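What follows is a pair of complexes built around subunit A, which joins subunit B in one and subunit C in the other.
Entry: the complex of A and B
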């Protein structure tokens, strides 16, 4: 009888170890699956880019002087104080991970009219991936802005901001 | 003797059943936890821009409101001074507000309200263009769901713009 009890205790202790390992393994898996994924901050990045662009073209309610010029178009990044630098992984530096475009329309004939003026910076190939669905595609954001110049002309402005960084956000 | 063995066997079967049931319960709980952590919580890692505590949230909308207030009507009067004098939207400011915040911003913010608010009485002055107020269904509005811009005209009166990211 005593022998039998010893056998049962052994089996139970083996069982306890098995359960312990299963529970520990499951906890490690749960923690790694939750914290293992990186935070996807592309929406914030795209939003900040759009906000920066809005601040760049409109100040105190009016369109900034010199915005609708060839010089602004050519020096868009410097004029708006943008920084498209990224960490040097997955060949991101060569490829370009950001795109920003500002389109100006006549507010009175918007929508339906062609843009009066456009300026863009960054990797314009990213625009082609905007209509694709899924986590692997780039994050695209469109923001609208209404403003007027000192002469009272009204403008509807469309700001398109795109952040790629798909490699880090598809895991 | 034989009845004693029978009793012992019954006890052993009962004990085994307890462990089997306990194991099944442990495995079910673990499976549910793994499912939730990897398929539900694991996906909610997106940090969204709509958090209204972000100082930058709604900058374009705020700038648009400033520009709206500075827009001149056919008599050369700004929307700001018109609202200060008449205490409500007129045909020009109402239609312009509608075009900007309902039509132009309609895709970004499906629900919008623009109008005058008396802050000392905390009363909303309804208008023909945006209605009396935005009807909020289903209780309190979450902080991340809307943008509220306020421009004070004097101590009591203010112009307020409410843009909601989803329809109420």
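Entry: the complex of A and C
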């Protein structure tokens, strides 16, 4: 009886260590996979970019002066205080990692009508990767707002902001 | 005989408990080394600073508590005043001599100066001004 009990205890301790190793292995795997991946900040970044664009075209519910002009369209990046330069890694400099587009619509016929005025900046190829999953995917965000001009005409504004930076945010 | 048996049981139990404790300690050390590693902190702060700058307007000052990163840099004998560098619109956070740190860009076209707070030695402050 005593022999059997000792044998059982040894088997239990072997099982105990086996369980410990399995638990430890699972913990190491989970921690490594969590901390091995970069923090994905593109959602926040795309949101901030959209906010910045919204503040650039509209203030306190009114359209800013000179927004619906050819000059604004041509100098969109400078007018909105943006800089789409990035660090020179993974060929980012040549590719461009941001895209921003603002479309203005007549409020009364929105949605369904063509835009009255559009301005965009950045790498427009990124739009094609919006609905893809995987290494080449970009984070895409669409936001809308309504604004009045000085004459009281109401506009619907659609802002599309896209951030790629996939290599530093997704693995 | 009975005494010996009791002695054996006690020794076995002590060994068992000690081995368990050693095992758990190694596991915890692994967890702490992963969560507080210089690489993780570099990435965390580079991205955090870039996002903070993106959210600001000119003529603002941001104070950021970086106590854990500063302590890590001190452990690695890296000067605390050189942890954050901003070159153009790229933030670089470096906590050790080896490696080039972690860089992340911001899109806000502003002039940013990163300064180590030498009074409390826990913070960095960023002065945002127009270009």
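We adopt the following convention: the second predicted complex is superposed on the first by the 134 of 171 C-alpha atoms of A that agree within 3 Å, B and C clash if a C-alpha of one lies under 4 Å from a C-alpha of the other, contacts with A are read in each partner's own complex, and residues count from 1 in each chain.
Here, a residue touches a chain if its C-beta (ideal position, glycine included) is under 8 Å from a C-beta of that chain, and two chains touch if they have at least 3 such contacts.
Because the structure is predicted, anything quoted here is derived from the model rather than measured.
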Larger residue footprint on subunit A, choosing between subunit B and subunit C, goes to B
Pick one for A:38: touches subunit B only (first), subunit C only (second), both, or neither. both
Going by the contact rule set out at the top, does A:62 touch subunit B (first), subunit C (second), both, or neither? first
Taking the superposition as given, does A:85 touch the first partner, subunit B, the second, subunit C, both, or neither? second
Mind working out whether A:49 is in touch with subunit B, subunit C, both or neither, as first, second, both or neither? second
Just to be sure I read the superposition right, which of the two partners does A:132 touch: subunit B = first, subunit C = second, or both, or neither? neither
Tell me which partner A:28 touches in the superposition: subunit B (first), subunit C (second), both or neither. second
First (subunit B), second (subunit C), both or neither: which does A:14 touch? neither
Shared subunit A contacts, counted only where both subunit B and subunit C touch the same residue: 31, 38-39, 41, 44, 48, 51
Given the complex, residues on subunit A that touch subunit B span 8, 12, 15, 19, 22-23, 26, 29-31, 33-34, 37-41, 43-44, 46-48, 50-51, 54-55, 58, 60-62, 107, 110, 141-148, 152, 154, 156, 159
Subunit C-touching residues of subunit A, taken from the complex the two chains share: 2, 9, 13, 16-17, 20, 24, 27-28, 31-32, 35, 38-39, 41, 44-45, 48-49, 51-52, 77-78, 81-87, 89, 97-98, 168
Please name which positions on subunit C make contact with subunit A in the complex. 5, 12, 16, 19-20, 23, 27, 30-31, 34-35, 37, 40, 43-44, 47, 50-51, 54-55, 88-90, 103-110
State the interface residues of subunit B toward subunit A in the complex, per the touch definition above. 12, 19, 23, 26-27, 30, 33-34, 37-38, 41-42, 45-49, 54, 56-57, 59-60, 63-64, 66-72, 99-100, 104-105, 107-108
